[in-house]
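Working notes, structure below.
In this document, chain identifiers A, B and C correspond to the written order of the chains, with residue numbering beginning at 1 in each.
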Amino acid sequence: MTEPTIFEISSPGRTGVKFQASDVPQFDVPKEFLREQLPMPEVSEIDVIRHFTRLSQLNYCIDTGFYPLGSCTMKFNPRINEVTARLAGFGKVHPLQPVETVQGSLALMYDLQNWLGEISGFSGVTLQPAAGAHGEYVGVMIIRAYHKDRKDSKRTKMIIPDSAHGTNPASSAMSGFDVVAVATDNNGNVDLDSLRAVCDDTVAGLMLTNPNTLGLFEQNVIEVVKIVHEAGGLVYGDGANLNALLGVVRPGDLGIDLMHFNLHKTFSTPHGGGGPGSGPVGVAAHLVDFLPCPIVGILEEGSEDYPPLYGFVEPAKSIGRIKAFFGHFGMMVRAYTYISMYGKEGLKNIAEGSVLNANYLMTLLKDTYKLAYDRLCMHEFVLEGHWPDAPEVHALDIAKRLMDYNFHPPTNYFPLIVPEALMIEPTETESKQTLDLFADAMLKIAEEAKTQPELLKSAPHNTPIGRLDEVKAAKDLVLCCWIPEKNS
Amino acid sequence: MSNPSNFKFAKTDEWVSLEGNVATIGVSDYAQSQLSDIVYLEFLVEPGDEFTTGDSLVTLESVKAAADVSSPVSGKVLEINEALTDDFEAVNADPFGRAWMVKVELSDPSELDSLMTADAYTTYCEERDH
Amino acid sequence: MFIPNTEAERDEMLQKIGLSRIEDLFSDVPKEFRYPDLNLPEAVSEMEALQNLKDLAIANDSTDDLICFLGAGAYNHYIPASVDAIISRGEFLTAYTPYQPEVSQGTLQSIFEYQSLVAALTGMDVSNASHYDGATAAAEACVLAYHHFRGKRTKFILSRYLHPHYRETIKTYFQGYEKIQITGDDAVEGFQASEDLLKLVDTNTAIVYVQYPDFLGRIHDFKAFAEQVHAVGAILAVSVNPLALGLIKPPSEFDADIVTGEGQPLGIPLSYGGPYLGLFATKNQFMRKLAGRLVGETVDNKGNKGYVLTLTAREQHIRREKATSNICSNQGLIALTSTVYMSLLGKQGLRQVAKLNYDKAHYAADQISKLKGFEVLDLGAFFNEFVVRTPKPVSELNSLLLDYDILGGYDLSKDYPELENCMLLAVTEMNTKDDIDYLVEILQEVSND
């Protein structure tokens, strides 16, 4: 089925909102500034509601089914978060209001900074970064500022394991560092010899994802951190996989110097079809002065009768401002709500549930699909989606066939170091029954790969649309259904 | 497509053909088949630029991959094949002919000695496929 | 609550794995660090959580409690009910980035429509799927310019009347680039006309950034300015208030190369500063260099029209350290919010709401200019914001206004020392004539105290 675009259903003279007539006199806009053509669609309210409702029905989502995307932590998004974020006292507050009028927002941010610090073992937290990649960039800039402040200008190198997310090298390069890759050893850990070989006095830092993108806890993490620290570098933690560690171990305790959080993965804020995310950064005591400005602090201590006065403070050697205003506040409200409902004893249930679910599913599948590294996994694991006796079938075909069984495919072709990778992260919010059904589908598909490979190659068959021609999209580049009239 | 016997090849899949002191550089058939359909090509150098071995000359993009064409030799750019910017399909269709990319004046012709012959390169590609 | 498995089911699963205790799953974690005692509050129920959050929320004064005349980059506008109805749908709310197009056509087509609406509103050829906010979009535009000239042009010229947060963000982003010189926004005599900026423009200039309407609310005609910027081959970038473009000429008419902006006025709640929406549109010439996601139209294996993420080979997950940007998300649901808002208002509604803003702001300026002790600075044409010189320091005045439930304007002296005792007032369709008359009355009253 095809839904026309909003431009195609436009009918001259329609509008979806009626505004009141003006209660003030009209003022003329100088002719040289007045816009003549406004080529926007003209549709009624019901047109809009039906159009976007129909579009929504073409989407797969967590609310309709299992979404085992590795590295994405597609857990259930509690609806209470949506209620709290929309409270008028949060939703209808201007960011530049005097601090006396926004003590609720500031108290929430102050507590959230402290909670995230406590959960991960860091002394300071900024809530400003808009997404994980933005947090990474902040982290990399903090590393630069730290070395510069020590007048150590030789540090030009950022070490990144070959299993890392692409954002790690991109963030480092964007900040002017030379990226040096280190290999993964046979157990799926950072190869200590190749790490030692690149650690010298030009190392600014190491960007470490732990658990790594293979879903494995870095067994030598203490040694890895020690090697980098002895070379004078800092260790950055990519917090994408923090879900596996909540309440079980704090990255700061392992010697990690700074790390970003993904509120949209670990702390249940919705992914929204690609955003908004939120990527706060936590740092150890020696980096607190470099945090972006501003952060929330206490301006006047409270007493038994009065709460403290919260406001903004600027860290002494701050790298500066990294976006307008103070971060994705709406996401902070959601994460705050979520953390408060788990509390000090409950957070570990998240890590335990996610790791249990991943290991259970891995156990059900590992005799049929080759496991890249056969050891206990954390919150996710990586399978190889190909068999010698079904040579024409690739991971992509398995992914597409899963849609016919009403499951969202796992992440495929990542991490790059595993051939035909299928990266599966079930999260703690899935039941054993769901995992059993998914495993059944995966086993059936493995069977089909050998008996009816064409069924996989041409999948999906039951989706709103078939496999799309990505080459045509990239060659023809139709990015817009409105073509501007060129000024002659 | 067989690798032309009078061309030299780099481990990073570029080819070089020599006429006098002028070398022409492109990417091999193996390289284009690995990349699959090219959807974009951009020159990173212009005539007059000097470069050394390993510098990036051209960026190629397919749907799933991006690759930089790095120079197997050192020298100065004499000419770039600007027609390729629009006719990037030539990289898939005719990698050893129409899709030549850059003509350069060599600064150190002895660098060619470290490149592979067509036969050696053919074997090298076969090994990577297994 | 959010974890369904029972203890019996957990035991069954552990047994299948071949372990006896949950703790055994964490044998790779160094023992001495396992299960730290966390200094956090005890867990609360959903009912208690809601009450706690309500207690915090009512500790804020919202724009429901106050009459808002504060803008400066975030604006109090009416959001039609249908906007939230659509974005609350789980199919949009709880979907991931549309990497699997067969089951993501809803998200993909709505992004395609977003790109089209932003292109139409700004007059540009192409829009990406959005950035984080107006500030980061401006910084990414500078990154684009840097790479466009392959680092060979090293001067960035920023108008002093580009939002102060945007200028700070650009400077933070480029602190690692030692050769880059960021200039143009130092204090000058008077109100920096475009001629002052043009004096700085030379063949080493990569990008010139202006705002439209500018931070003081002014509308400039950048036509001649653009010609001079282009004469040296530099990029002209313009940060816009998209709502104003319902009424005033789009930047394409003065030949802007890049248009960025804060999309918040397009149906996005104030939400104490975020999440907002970074608009990013360009001429075709820069399409390949756009950071962030792009959705393109194509067909499926049966010839049906469909949409996919395209030009992904530019992005970090493929190019890694060679990518020019690390961005790997867009503002997804917020972009959808603006898409629904722009669709609902459409041609008529956008024009009408922009004109309401224009008229009310001009009415307010007229009334305030009649007040003794107040001066509305004559800075030329303006949209929905203007500068008032006040008889008292702005912070003092604003505290007094708060006693009357008025949220006063932005204190310009913080960012512009030359504008001491100057307040930037914003007036939108949310302010009735009575609100404005009340403001005028109270301004007079409190300034006489």
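In the analysis below, contacts are C-beta pairs under 8 Å (C-beta built on N, C-alpha and C of every residue); 3 or more make two chains touch, one makes a residue touch a chain.
Quick caveat: nothing in here was measured; it's all calculated off a predicted structure.
Colleague: Consider the two chain pairs A-B and B-C; indicate the one with the greater count of contacting C-beta pairs.
Modeller: Of B-C and A-B, more C-beta pairs in contact link B-C.
Colleague: Report the chain closest to the protein's overall CA mean, measuring from each chain's own CA mean.
Modeller: Most central by this criterion: A.
Colleague: Could you please state the distance in Å, as a whole number, between where the Cα atoms of chain A are centred and where those of chain C are centred?
Modeller: So the centre of chain A lies 20 Å away from the centre of chain C.
Colleague: Just give me the whole-number Å value for how far the CA centre of chain B lies from that of chain C.
Modeller: Comparing mean C-alpha positions, chain C is 44 Å from chain B.
Colleague: What is the distance in Å between the mean C-alpha positions of chain A and chain B?
Modeller: The mean C-alpha positions of chain A and chain B differ by 38 Å.
Colleague: Pull out every residue in chain A that's touching 2 or more other chains.
Modeller: 470, 474
Colleague: Residues of chain B that touch two or more other chains: which are they?
Modeller: 39-40, 61, 63
Colleague: Mind pulling the chain C residues that touch 2 or more other chains?
Modeller: 311, 313, 318-319, 322
Colleague: Show me the residue ranges of chain B that touch chain A in the complex, using the header's touch definition.
Modeller: Residues in contact with chain A: 37, 39-40, 61, 63.
Colleague: For the complex, which residues does chain C have touching chain B?
Modeller: Residues 150, 288, 311-314, 318-319, 322 of chain C touch chain B in their complex.
Colleague: Under the definition above, what is the set of chain A residues touching chain B in their complex?
Modeller: 470-471, 474-475
Colleague: How about chain B: which of its residues touch chain C in the complex?
Modeller: Going through chain B, the ones touching chain C are 39-40, 42, 44, 61-66, 68.
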